Amino acid sequence: MSGVGALRSVGLRTAPTTRGLRRWLLRPEAPAAVFLVVLLAAFSLAADRFLTPDNLESILVQVAVLGIIALAVNQVILAGEIDISVGSMLGLCAVAVGTVATATGGLLAPLAAGVATGVLAGAVNGLLVTLGRIPSIIVTLGMLYALRGVILLVTGGTWITQIPDETRVLGLAKLAGVSLPVFVMFALFLIVNAVSRNSTWGRDVFAVGGNRRAARLAGLAIDRTRLLAFALVGAFVGIAATIYVGRAGSVQTNAGEGLELQVIAAVVIGGTSIAGGRGSALAPVIGAVLIGVILNGMILVGVPGVWQSAVLGALILLAVTTDALRRRLVGGAA
Amino acid sequence: MSAIEASAQSRVEHRAAAAVHPPIFRLAGVTKRFGGVTAVEAVDFDLRRGEVHAQVGENGAGKSTLVKLVGGLYVPDEGRVEVGGEVVQFSSPRDSEAAGIAMIPQELDLFLELSAAENLFVGRRRPRRPWGALDWRQMEARAREQLGALGVEFDVEAPVERLSMANRQIMLIAKALMGDAAAVVMDEPTSSLTEREAARLFRIIDELTARGVGVVYISHRLGEVFMVADRITVLRDGQHVRTAPASELDSEEVVRLMVGRSLDELFSRGGHEAGDVALEVRGLTRTGEFEDIDLTVRHGEVVGIAGLIGAGRTELAQTIFGVRAAERGEVLVDGEPVELDSPAAAMEAGIGYVPEERQSQGLVLPFTIAANISLSILGRLSRLGFVASQRERETADGFAEQLAIRGARVSEPVSRLSGGNQQKVVLAKSLAGGPQVLLLDEPTRGVDVGAKSEIYRLIDRLASEGRAIVLISSELEEVLSMADRVLVMREGRVSAELSREEATQERVIAAATGVAVGEDEGAEGAAPAASVDTER
Amino acid sequence: MSANQLRPLDVLKGVRFTRELVLLCLLIVLVVVLGQMSPVFFTVGNLLNTSRFFVEVGLIALGMTLIIITGGIDLSVGAAMALVAVTVGLAHQSGVPMALALVLGLAVGLAAGLFNGLMITRLDLHPLVVTLGTFALFRGIALGVSGGGAVSSFPQWFEYFGQFYLGPVPGQLFVFIAAVTAVWLLLSRTPFGRYVYAIGNNEEAARFSGVPVRRVKVVLYTGIGVLVSMAAVIYTSRVSTSRADFGAGLELDVISAVVLGGASIYGGSGTIAGTVLGVVIIATLRNGLSLAGVETTWQVFLLGVLLIAAVFVNEFFRRREE
Amino acid sequence: GETGQGPQQSAKEGGKIICLMPKLVGIPYFEASKTGAEEAAKELKVELTYNGPTEGKAALQVEMIEQLIQRQCGAISVAANDPDALAPAMKKAKEAGIATGAWDADVKKDARDVFVNQATFEAVGKQLVDIMSKQTGEKGDFLVVTGSLTAPNQRAWLEEMKAHMADKYPDMKVAAVEPGEENLQKGIDVTRDYLKANPDTAGVFGITSVALPGAAEAVEQAGLDGKVKVTGLTTPNEMKDYIKKGTVEEFVLWNPVDLGYLAVHVAKAQLDKKLPKSGKFKAGRLGEVEVVKPDEVLLGPPIVFNKDNIGEYDF
């Protein structure tokens, strides 16, 4: 039986040929992707050493820590919450990784320590948000301060140096010609993407973030969904910390300072809505890569140090303006 | 008699036998209080297999509250909920659903960012592939099938936010019908539907009851109630008034029970002398929504706009009001062009708008009733730049009395009011600015008979005061009885303009669907659903 | 325990636990405890002097409260502050008369806010997204034009903005009190204030009611730009130097104070009284702990815990009430 | 920490406490100074408060100085994040009759009685350039990685380095200054990116304790060790690996332990009004140190760390 005439004509209002492109443009990460391509082209023209496989790989290596954390924070934001404690959390996990690494060596034990520390911190965030019913911005703002305090109290301000080489493989080694940080980031992306699209939790994240009341009416386990997202952030920060320690070779007490805003920037520039419920797992990766490309490209083009922050800001604004432009063209929500 | 009524007739008969079964669920002496307000007090209510048990009552009578008690949304303060003869304690909607009770809630709570297909499956077992991943293709296929059964077809992969209100409502119906529920509770399921979609719903109800499923049906449209209901329960001020087989009651009796007194005939407007042109719309266009709309409304005239879902009526009204940007065309009030990009400018020019979505567009729920009513006229209520609260209160009290807003004082949050009373607050707000042109988009949606006739009277009064009124409504009867002139929209264009005399149900439907319906009234052999679906 | 002994929660029965009351109790407890920990804490001189350090955060927090009530946020305030300070400094250095330099600074702050406001409203972008961009942009411009250098040779009279005392009372406290009064009246008594709450609770309904949503937002972001300018001038005067790294991390201090004061980050609720209490509590805590000789490391930790605890206590009472 | 002394006690004894404020706490450099300061305090039997902000921000120091005035410290000595910003507060302390001083990084001259200088900007700048010139044959383009582009001491070193190059090594040139933002990872990334774009860079200066290890790590990761020379300023513990591997041959720093130790000795002398205006000053185990100007005490020449001596230091 056919549908109502008027409804059918709604479908006819858009010409069939543009439909595929239009669909694609409606995806949340489309504007950032377009802007990324434009930027890549621009930098390639401006700096001849930019578009080399080696340089492109090193951009990915540089954004791996940011990208991995953003992948998880993206889930929290999709679920309608926020986590701004990741900077301090990274510092704390790095301390855990470094401490265990200098004590036992090896890769697995430090990695496990980092992940366990992260999950613990993430679970505290999650429990305070769900059971304590405190808004996540306050919980994680508090944790941003509190965890930084913990780091200073635990380390007494000294760095952890001389991380053994076998711990550093996750930061430095290559697998089949690809640096491990890149490998890990893409593996985690594939996992999160699959989970996000094909698991109950992954879908519930969207529902919980999109309409909390309706989610409750539908009987979704709202608290468990959010708790898991916060714990996931912890786990990913733990993995990222191991890469961080591997790449840096030592642990500073201020490791991760200011990271929280970069992570949020990566997520929202990528196209996930800060209001929750709208976005994709690809968004944070594109956002992180975009930031990495800007930072790298500026140096290769030779932007003076004092002007780099201004250029970064201007390009971020341009990137988000692309989204506004898209909305003018094909509609869709902010 | 319309085609819908005819098909209803046959239904009632084959269900008569079902009445002997034990109840699917029973509420025994339930009471529910909210702070000081007793929403439901010591009410008994039950639902049997295969019957349609309707609930009627004025706004705020406690209908929604009562069904939320079996829906697992509220726990009764007193009394018991029994399912299949056993006392149950639902702590969430999920419990209730597990017990075989499905709910179509009054408020359209959907996941706007998710696709229609996914919306149907949230919180449910989703089809999976052998290796555990979700089977999207099957989900979409089943969604299409489910919606197809309700006679609609739209892109189930697109986010729900791109659907019209009517389609959203159909989504919720489809969602409730997905499981194998023993009972389906429908809280004003047709409030956003035109008669055509409503007719499809009735056919579905028919099929459900034939399978032994029980249906609780809440509606303010008494005509519908008498068409579908086997039994009717009347509530008043949270109390049970009477439960009786539909055959033992008639509309007058029900209305009398609802309001506690007998009510005059439903209000109908007489003819009126129209004055000068008040509102003139020329060539207004928003591509994809509506095109080249011309419209004139005179002082003292009520122009009804009818049409199917997605005909573009809401968009048109909102563009005239400046909420949406017009692409082309102009709007004049009393011959003066109106700036087309801000509601403030439209209001300045004397246009008022009552939006169709009460909660999201009409009200600031945490605000008090007074603050809602005064929101558009704060400038006028201010002295030396500060809001004069005395004046604000007096204005609000005036409207509360004039429109009989019941349930809370004007200094209380508007969220404490029942749906219908909230609607009156929205009306009050648009009237506060003293508009010469009033655009009413589904002004009686979810409003009880009493209030409805008050609103009709109000519209009549406003018109006789010389205001120009545009009445958009999906209730054909409403348009036909209230309008001096009827415009019919189809696919974003005006497909017919009918005078009061020319406007009959058949002609409006024909113009709305683009299909000529036989003038012969005896054509009910074809149910309306079938008759309009012959196109293409 | 004797039978007629009143249980503490009984005594409090009937008292409405507004957020502000909880915060006020917290402040009193803090003052008493800190007074015990350090004898100098509880002197008029110290308490007044403490105010010199929260006025900048406090001024900006007033504007941020209104923005947060509308459901927005401004992360660029610290960077904008640097931009204003650098403008004033460089203008002065290049020979512009100081008074004109201050006007220039004000104009730059206003322009920065206006830029945020226009980006947000014209392009329909989320404030967080826009101000994350301007967070980098404003500081970047400040850094770029100043080349990272400092300006410090301000005329004597400029010191009045940040180092003036009337008796024992620091001059900027008057500025703050005046600003608090003005913003409080604006928010609680005027149509504009009502619009702010309406937008935060239901922007669509506000728009349908003829509230000039965009204009209100532009005014708010421009307004916070002005407050930032004032803060930047006071700060520049207080430390008698201007540099591009001023106000780093200020946004988090401001937001901490506002959310501690009870404004919902989701928009719709918040009060000036709450924000002022939030500002004062954080300042008092820092001052008192420092005077008591508690290491800054512990202070950071305690600040975080306090933030969570204060909101938790508030939630607890709110739920009890329901 | 044991340095956060009981408040009652300190107030009673007021006027005898020495308050030493680092730029920030929680970094190895100032933790090392703390060790030295505590050592001196024990030796001299004075009460010491060693506390600073957790971030290197002048504004936070201003606030803390005012609190130290309230706490009636006998002497306040600060390592200033900003020479100008701290001046009003330090003047206030002076007016309150407190012995004022600066150590590690000066405040404006009229805002303190004495400055305990570890090494002049000029000496450090020259030393860095000289070390580099030896390794690169007195020529080449160089990258400087800073902590922050606004930090006054780093800016001063940079100026001295540029001046010295112009003066003595016309073929050496600072080609770029990249901000490392006191962040190890960021330091590594900017160095790597820069070297990629400018492969003929002769060497990298890392002029903070975070920038130098970052630069060394980046050069090593890029496989350029030996080809691109690295030197700068930092504490030795972080550098032991790089010295051992030869990525870095030599780098410069004074001994922060001794600096903290000396600062307390000077403050104590101020309290006792025994600080000479010129000549020599006896500072415990350091022996005689020089009073170079009426108000400046000099720790001595900076230490050049290399393979041979780095094992002797632990900070």
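The first chain written gets the first letter, and so on, giving A, B, C and D; residue counts start at 1 in each chain.
Convention: a residue touches a chain if its C-beta (ideal position, glycine included) is under 8 Å from a C-beta of that chain, and two chains touch if they have at least 3 such contacts.
Just so you know, these numbers come straight off a predicted model, no measurement behind them.
Looking at which of A-B and A-C shares more C-beta pairs in contact, the answer is the pair A-C. With centres defined as mean CA coordinates, chain B is found 43 Å away from chain A. Work out the mean CA point of chain A and of chain C, and you get 29 Å between them. Averaged C-alpha coordinates give centres for chain A and chain D that are 36 Å from one another.
Separating the centre of chain C from that of chain D, both taken as means of CA atoms, is a distance of 34 Å. Within chain D, contacts with two or more other chains are made by residues 25-26, 54, 149. Contact of a single residue of chain B with at least two other chains is seen at no position. Contact of a single residue of chain C with at least two other chains is seen at positions 143, 147-148, 297-300. A list of each chain pair in contact follows: A-B, A-C, A-D, B-C, C-D. Contact residues of chain A toward chain B in the complex are 1-11, 13, 194, 197-200, 203-204, 206-207, 210-211, 213-220, 277-278, 333. The touching residues of chain A, when paired with chain D in their complex, are 47, 49, 54-55, 58, 62, 65, 148, 151-152, 155-159, 161-162, 172, 244, 247-250, 252-255, 257-258, 295-296, 299-300, 302, 304-306, 308. Of all residues in chain C, only 37-40, 43, 45-46, 49, 52-53, 143, 147-150, 152, 159, 163, 235, 238-241, 243-246, 248-249, 286-287, 290-300 touch chain D in the complex they form. Chain B contributes residues 321, 323, 342-344, 346-347, 353, 355, 360-367, 371, 375-376, 378-379, 381-382, 385-387, 429, 433 to its touches with chain C in the complex. Chain D meets chain A in the complex at residues 25-28, 30-31, 54, 146, 149, 176-179, 181-185, 188-190, 192-194, 196-197, 210, 213-214, 217, 221, 237-238, 240-241.
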